[in-house]
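Reviewing the structure listed below.
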Amino acid sequence: MKNYATIVLANQEISPSIFRMRILAPGFAAAAQPGQFVMLRPALALPTMLRRPFGVFRTGCLPPECDGLPPREYMEILYKVVGQGTKILSELHQGDRIELLGPLGRGFDLGPPGQEKILVGGGIGLVPLFMLGEALVAQGSRVRLLMGGRTRDDILAVTEFERSGVETYVSTDDGSLGEAGFVTKVLERKLSKYPQAEVFACGPTPMLTAVAAICAARQVNLQVSLEAHMACGVGACLGCVVKGAGHSESTPRYLCTCKAGPVFQASDLDWGKATAEAAINCGGGCK
Amino acid sequence: MKNYATIVLANQEISPSIFRMRILAPGFAAAAQPGQFVMLRPALALPTMLRRPFGVFRTGCLPPECDGLPPREYMEILYKVVGQGTKILSELHQGDRIELLGPLGRGFDLGPPGQEKILVGGGIGLVPLFMLGEALVAQGSRVRLLMGGRTRDDILAVTEFERSGVETYVSTDDGSLGEAGFVTKVLERKLSKYPQAEVFACGPTPMLTAVAAICAARQVNLQVSLEAHMACGVGACLGCVVKGAGHSESTPRYLCTCKAGPVFQASDLDWGKATAEAAINCGGGCK
Amino acid sequence: MNSIRPSLAVEVAGLKLKNPVMPASGTFGYGEEYAPYLDLNRLGAIVTKGLSRNPKAGNPTPRIAETTSGMLNAIGLQNVGIDAFIAGKVPYYRGLQTPVIANFFGNTLEEYGEVARKLNDVPEVTAVELNISCPNVKQGGIVFGTEASAASQVVTLVRQALNKPLIVKLTPNVTDITVIARAVEEAGADAISCINTITGMAIDVRTRKPKIANRTGGLSGPAIRPVAVRMTHQVVQAVKIPVIGIGGITCAEDALEFLIVGAKAVQVGTANFIDPQAMLAIIAGLEQFLVAEGLSDINQVIGSLKI
Amino acid sequence: MNSIRPSLAVEVAGLKLKNPVMPASGTFGYGEEYAPYLDLNRLGAIVTKGLSRNPKAGNPTPRIAETTSGMLNAIGLQNVGIDAFIAGKVPYYRGLQTPVIANFFGNTLEEYGEVARKLNDVPEVTAVELNISCPNVKQGGIVFGTEASAASQVVTLVRQALNKPLIVKLTPNVTDITVIARAVEEAGADAISCINTITGMAIDVRTRKPKIANRTGGLSGPAIRPVAVRMTHQVVQAVKIPVIGIGGITCAEDALEFLIVGAKAVQVGTANFIDPQAMLAIIAGLEQFLVAEGLSDINQVIGSLKI
């Protein structure tokens, strides 16, 4: 007897509910005697149970000419494999079933049309900025997108952003694409040039904290999109709270990221040490 | 916001560890605002954890001419979808990973060559009889296989059995294939003709119990292959025991199906009411 | 096949429920949160988030973590407080055709009594569920729910203060749940619900920190179902008042395990997060089961365990 | 990167183990059953199936049932008895370079004492693990393990009878595991292992029968891990003697959760059924973790919890 980690060669239904499976098994035949048996299990990890939250990247529609079917609306996410849940997602194929709840939460407030808009996105934090950019451009605002990342691999969908009519500025920590250095450096420069701009940011907590400090110092309006561990996504479990402005031990003020957010006015949040810690730590870099 | 049970349209790695997934979502675009999010989960049931036991149906080898690869040995199982574990197996595709432990257990004792051999198989109980038939034929014995089932759908792999050189006799409870009635009726007839035959049986408990009664009455030697709930398959957990002959409350005698079996001499087992109950009840018919 | 639809109606502590399926406290907000996903009138009842005399902010974050087939939570019983509940949430219940069960807890006996008295004057609340079992709050449930005499004391007090049916919810973190069950029955509970979460812990091996800020949290979800079925069975055997089974229910078959061992109704918790429409699927599945088994009434299944 | 292999060696109750990974009693037979799949000398130790004075036939079948991410078992402590163990199984241990820990239980105090004395004369058995926590056998462990004075009594007696290191294995089916832990420490235990299985139940909804002939069984596997980590943490805080963590460990990361909260070693149970080579993967994974974290010794991880 041997312990094989092997593959399925075929698996066919030969009669109603009766299948015949062929499994690669070198050396098996020589050992097997009539009447023996095997113990089998598909090499699946125990999967995750709860849903996972993802920003809406964009929506679209497959025209009928694609495959002769009626037009079909779709939505897209962009995600990074960081744990078991996203690993399982990454192994799904076309036609696999998926359960989706949404759109959820409070999105961005576009603000007055025509105003200068600066979007700051780090790594996977670029996701919610695509639809925002489109909407702001449609509204008639001038949109500058500062894309940051640790390396060039974190700079996502540049062409798509550019095609949507936003001006893109790329910086990476290691200089492997665009300017070398933190995206906050670019932000300072842009804000010196456009002091009336409104800022929208999404990315890892250290980046958001730095952006919030810069905007507060310059009294520039800032909206941020946050991440938090979520179970329900609809305001029922109270698992996803962040500390609001004015939060203290004696007068705690918790806000649901899923319902009051994920987009907040930076001024509504508590940017103290505690918030930065409580928010998800993505290791300082951009996921 | 809506709760979609939908499908994946595409899922592509666009940068190291970063994927872009497109999901069918009618009506989503009209509702989605920049910065909102979704809660996602692949529509997988929580899978089973333990391995499942299956008889070895046959082994073989893919010759190099199939696909230009070196010859590859395989083994085959035949299984019926009865619960979550077999459901998950049935959804595996070519190339999917699987973990296999085996061959395990004690197989059939072929007995003296040249002797008449009668094989009795009900439904999925036919599985272990294929390699047995081959071995008995190779040994020079005359082999008659009595295939039973509730309906024609339970009669599996007839052509393959016939090609292996065994004589097949088919009966179904509803008469949808072969003779109408229980396979035990055919067995009685054959044993009247060949009273010296040795019998080998595998199938649902009621069938095995009836076969055991017939063979005992005629003092014919019988080997049976049993099923039991198993966790380890190697004699370590003691979850798979059956009552041995002479078992009683005061002198319990439990045998491991995985190690002392799954094939037993019928005379080594306790065929009382209790064994029939303890063995897995497959609803009276053939799985 | 019978064309008459089988009956799912059950009676628990004097409440007539159209079916035995209701949400578990703390997993369904105040009900309104899930209204976009399911018609609340199709549920057997609605159970609110746990309420207390004063608003409670709850625990620091992270408050939740997934474990294998389960989740840990240490929300810390965050709630708006009984007054804000009555003023802000109760009006929504007026239009509903489903009984509302208010879950509540206190940090002291006085608080329990006060909240009970306030709920007397709220006709929209049909019954109350007393949480003496919360494992998260240090001065909270754990003290009352793990000790028979303390459990008896709080139930006696609330029974005296309250003019509505009283359901008492038990904690599984005890050596012998039947001792507590008998104590709360004697103290005047009209029904028992069990179980609350089992205390657990998970560690982030890279940071070496607990995955939950509160260090420990309550384990819920399919992982705990076998423990919940066992305790429900034990409690049903130990008391005469009706029992509501809770713990890891995700589908009709799961709910049936509890009903078969004798629970008169079930609550669905974590499964609401996995699928906001889970309770509707469970109700439909119970009906299908009755049809498939040729039964006309869910009460034929309740307590049908063969041992 | 450091090219010196990090050390996995730990010391528990005077036993020097080459690594902190060993099988949990009852999930690895007497060791020999798994010898075709892994080199037993690579394990930290071997722990035998639970032994008793007389051979035990165990419970009727079905004895096992799978639940979500867990399994119920009611084997009923089937074993060959201490004499047959010494005569038939012990000789196999002679060639091994791994310490053997004999797990045993009794139905009476006298039986516990008798088995302990018999093990004194078996040099192949390095240490013993006392099961005072089996939830399956009515006259068995449960009586001793859920009550501090009874636990103390049996440990005192075995301590006096035994001339080897004594590990006491605790049941999780208690209100406060630290009370029992302190009692067995005071009574002379050299180490504590925790946890044994949590009592659970599962129902076949079609037959209306329990899935296990014994009605209830012990829940093990990944489902119980958060409860086991919590209890291991509590026990580590409560006693000074070393603690061995058990419950739902399937991979190195799972094992690390227990080590980080302070367990000096871990036992792997149900995972052996899922993958007979699981323990080897866990040992390799622990080594990889140390390398990745730039650590040279597993003892730098043990008790490294940040709270």
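Just so it is clear, A, B, C and D label the chains in written order, and each chain counts residues from 1 on its own.
One rule holds in what follows: contacts are C-beta pairs under 8 Å (C-beta built on N, C-alpha and C of every residue); 3 or more make two chains touch, one makes a residue touch a chain.
Given the structure is predicted, the values throughout are model-derived calculations rather than measurements.
Touching chain A and chain B at once are the following chains: C, D. Of the two chain pairs examined here, A-D and B-D, it is B-D that is joined by more C-beta pairs in contact. A centroid comparison over C-alpha atoms places A as the chain most distant from chain D. As a whole-number value, the distance joining the C-alpha centres of chain A and chain D reads 42 Å. Distance between chain centres (mean CA atoms), chain C to chain D: 34 Å. Centre-to-centre separation of chain A and chain C, using mean CA positions: 34 Å.
Within chain A, contacts with two or more other chains are made by residues 1, 3, 41, 46, 48-51, 99, 101, 230, 232-234.
Taken residue by residue, chain C touches two or more other chains at 36-37, 68-70, 207, 222, 274-276, whereas all remaining positions touch fewer.
In terms of inter-chain touching, the protein chains here all touch one another pairwise. Against chain C, the residues of chain D that register as touching in their complex are 67-70, 72, 146, 173-176, 198-203, 205, 207-210, 215-216, 219, 222-227, 229-230, 233, 248, 253, 256-257, 260-261, 289, 304-307. On the chain A side of its complex with chain C, the touching residues are 46, 48-51, 99, 101, 228-242, 252-254, 274, 278, 280-281.
On the side of chain A, the complex with chain B involves touching residues 1-11, 13-29, 31-44, 46-57, 59-62, 72-82, 86, 88-90, 92-108, 110, 124, 128, 131-132, 134-135, 153-154, 156-157, 225, 230, 232-234, 262-263.
For chain A in complex with chain D, the touching residues are 1, 3, 41, 46. On the chain C side of its complex with chain A, the touching residues are 26-29, 33-34, 36-37, 49, 57-58, 60-66, 68-71, 73, 75, 78, 207, 213, 221-222, 270, 272-276.
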